[in-house]
Amino acid sequence: MTNLITEVTELAKEYQVALINLMKIGTVFSGEAIFNEVFFECPCNQKEAKMYAIMLILGPAAAMFFIALLINKMSFRMAYGYCKRSEELQFECQTCCYYFVVIIIKALVGPAAWIFGTLLDGRYYPCIRLEQPCNRTSEEFKEYRGHSQFLAIVMLCVTVAVIYCVFMCRACCCGYSYNYRRLMEIYQEAEETAFEDKLNETAKQKAERNVNSFLNEHPTKRDWEMIARAPPLNC
Amino acid sequence: MTNLITEVTELAKEYQVALINLMKIGTVFSGEAIFNEVFFECPCNQKEAKMYAIMLILGPAAAMFFIALLINKMSFRMAYGYCKRSEELQFECQTCCYYFVVIIIKALVGPAAWIFGTLLDGRYYPCIRLEQPCNRTSEEFKEYRGHSQFLAIVMLCVTVAVIYCVFMCRACCCGYSYNYRRLMEIYQEAEETAFEDKLNETAKQKAERNVNSFLNEHPTKRDWEMIARAPPLNC
Amino acid sequence: MTNLITEVTELAKEYQVALINLMKIGTVFSGEAIFNEVFFECPCNQKEAKMYAIMLILGPAAAMFFIALLINKMSFRMAYGYCKRSEELQFECQTCCYYFVVIIIKALVGPAAWIFGTLLDGRYYPCIRLEQPCNRTSEEFKEYRGHSQFLAIVMLCVTVAVIYCVFMCRACCCGYSYNYRRLMEIYQEAEETAFEDKLNETAKQKAERNVNSFLNEHPTKRDWEMIARAPPLNC
């Protein structure tokens, strides 16, 4: 039994990125299904309907994009201290661009899933195109619904094909062999974990030492006031 | 299995702030959904309806704002002893402002989620704008509902974008590198924990010593009366 | 009880490839069933309907094909460093072709299941062939539905027969006996596991050593900035 769990864990680790993306996409899809059921209703005025549908396709996608940027550690890692870093320590332009592109692409997964979902659902697109957007039983509605799903499938195929080509090109032009690159990946992850552990340990030891020495030296009222000051970590 | 649990815990720790905010927002949303189902009903008199809807949008938001201030430790930490602190120990104006802004922003998460929810729900806004607020099947109602959801999405996008920009600027102008700042954060947390532990320990020892010495010295009736007095911690 | 579990695990290991394919096909089928219920609706315009149905048969199949390529480790393993490999280390053309065919065939399992499912479902094919594609009660619709299911069964039989023949031929022309080949298979798997474990171990040791030496040497601000740089693994 434990054998099975270990194997599943191993598999999960190996396909980590794929799994995370799958979870992201699944979350977006289920969120979208609920959202559509509860909130989407096409207004009858043509102009209004157009604005409304476009907003509901692009708005949440834009919000998701910024949220994804917000919880991406990498971008903040590069930004911290940017303005006060000495010239020689600045990132090279090439590295910077590379990471910028990677961050953007990662942040686009959610929005792409949202737009794909709205197109596949097939109620937003007719809402944009129809002259009488309220009428959801007309021939025309069905036709535009078909167009919408058509676009969704094309979008899916093109996206996946492009991603495959980009990954393939990157792999071909890489200077490392597959297994050596794998070692480097594993090393990076291990380094990060070890660094984090060591930071925790160091901080804990230091904190305990400081607190002990403060409380053992019979602090005066003035000392208590001093430490009442908020800590100086204001950035 | 334990491996999995450890990893989940690690992840939860890393994205602590994001998780807490997510939980806050989730609580507000589910509370709002129940609240709306049970309590919201737009009155038919236009003027009444306007007042009612505005009250139900802004009232709970204001309440949440004050509750968030109330459970924020930081503000009390800064306020305690403010009037009786010697001049030299007062916070600098800059630090004070910084923390004030941070506290306000944290307290705004709940209210913002509430207002976003009411706008997305799309029944409050028509209640404010319609001339016959009772009629929920009219064309006009649908139109205003669309406006409301439109506003909600715009609000979401703008908020997230602004937050991202602010965080990015703060990161760029910070004098520390990402990893050094991380160490400081971890240190602060460790110090707080250690301080709390030490306070508990010290207080317990002292209390036990005092109680013991009181009970071992055969207290008279007068001594018992003395300690019946409420303790003098009146602030 | 444990005996039973062990036996099931053994069985699962022996028929691993078959099980994985079964799971793939099952996932495709259930996904298709949901997809059809929610999204498929044949437009009434004949030309539109034709395009729509063909797209919904071939589009997802193509997407699945590319996704399968994308999560296939083998192709990336061969591609990494392709352009920068010295002449003598390039794969031989024969090996290359063999793996290429294997990768393609593996990636075709999902698409084939999808197409088989659409044909067996029997709503896509009439949508392509009927002159009045909306009318789903006509005699003609039933007829074409029959054709579609007929095609599905033929496709299934032919595919399975071809696969059997190919496997048989390969087995006959193989220079090893069944059991020796089995030993080689098991050896390969064991080697991969051992390699992976060793990589993990090596990386972990090295990472811990490096992190310790960094934090023990009282890093200056410049050192902290240095490690804030993103790691150089840009391919």
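Going in written order, the chains are labelled A, B and C, and every chain counts its residues from 1.
Going forward, a contact is a pair of C-beta atoms (placed from the backbone, for glycine too) under 8 Å apart; a residue touches a chain by one contact, two chains touch by 3 or more.
Just so it is clear, the model here is predicted, and its values are computed rather than measured.
Here the C-alpha atoms of chain B line up with those of chain C after a rotation of 75°, rounded in steps of 5. Of the pairs listed in A-C or B-C, the one whose interface repeats that of A-B, with over half of its contact pairs matching by residue number, is A-C. If you average the CA atoms of chain A and of chain C, the two centres end up 25 Å from each other. Taking the mean of the C-alpha atoms as each chain's centre, chain B and chain C sit 47 Å apart.
Contact of a single residue of chain B with at least two other chains is seen at positions 176-179. Looking at the complex, you find that chain C touches chain A at residues 5, 9, 39, 41, 43-45, 48-49, 51-52, 55-56, 59-60, 62-63, 66-67, 69-71, 75-85, 195, 199-200, 202-204, 206-208, 210-212, 215, 222, 225-226, 228-235. The part of chain B that touches chain C in the complex is made up of residues 176-180.
Here chain A touches chain C in the complex through residues 1, 3-4, 15, 18, 74, 77-78, 80-81, 85-86, 89, 91, 95, 98-99, 120-122, 139, 142-143, 145-146, 149-150, 153-154, 156-157, 160-161, 163-164, 167-168, 170-179, 181-191, 193-195, 198-199, 202, going by the rule given at the top. Those residues of chain C that touch chain B in the complex are listed here as 221, 224-225, 227-228.
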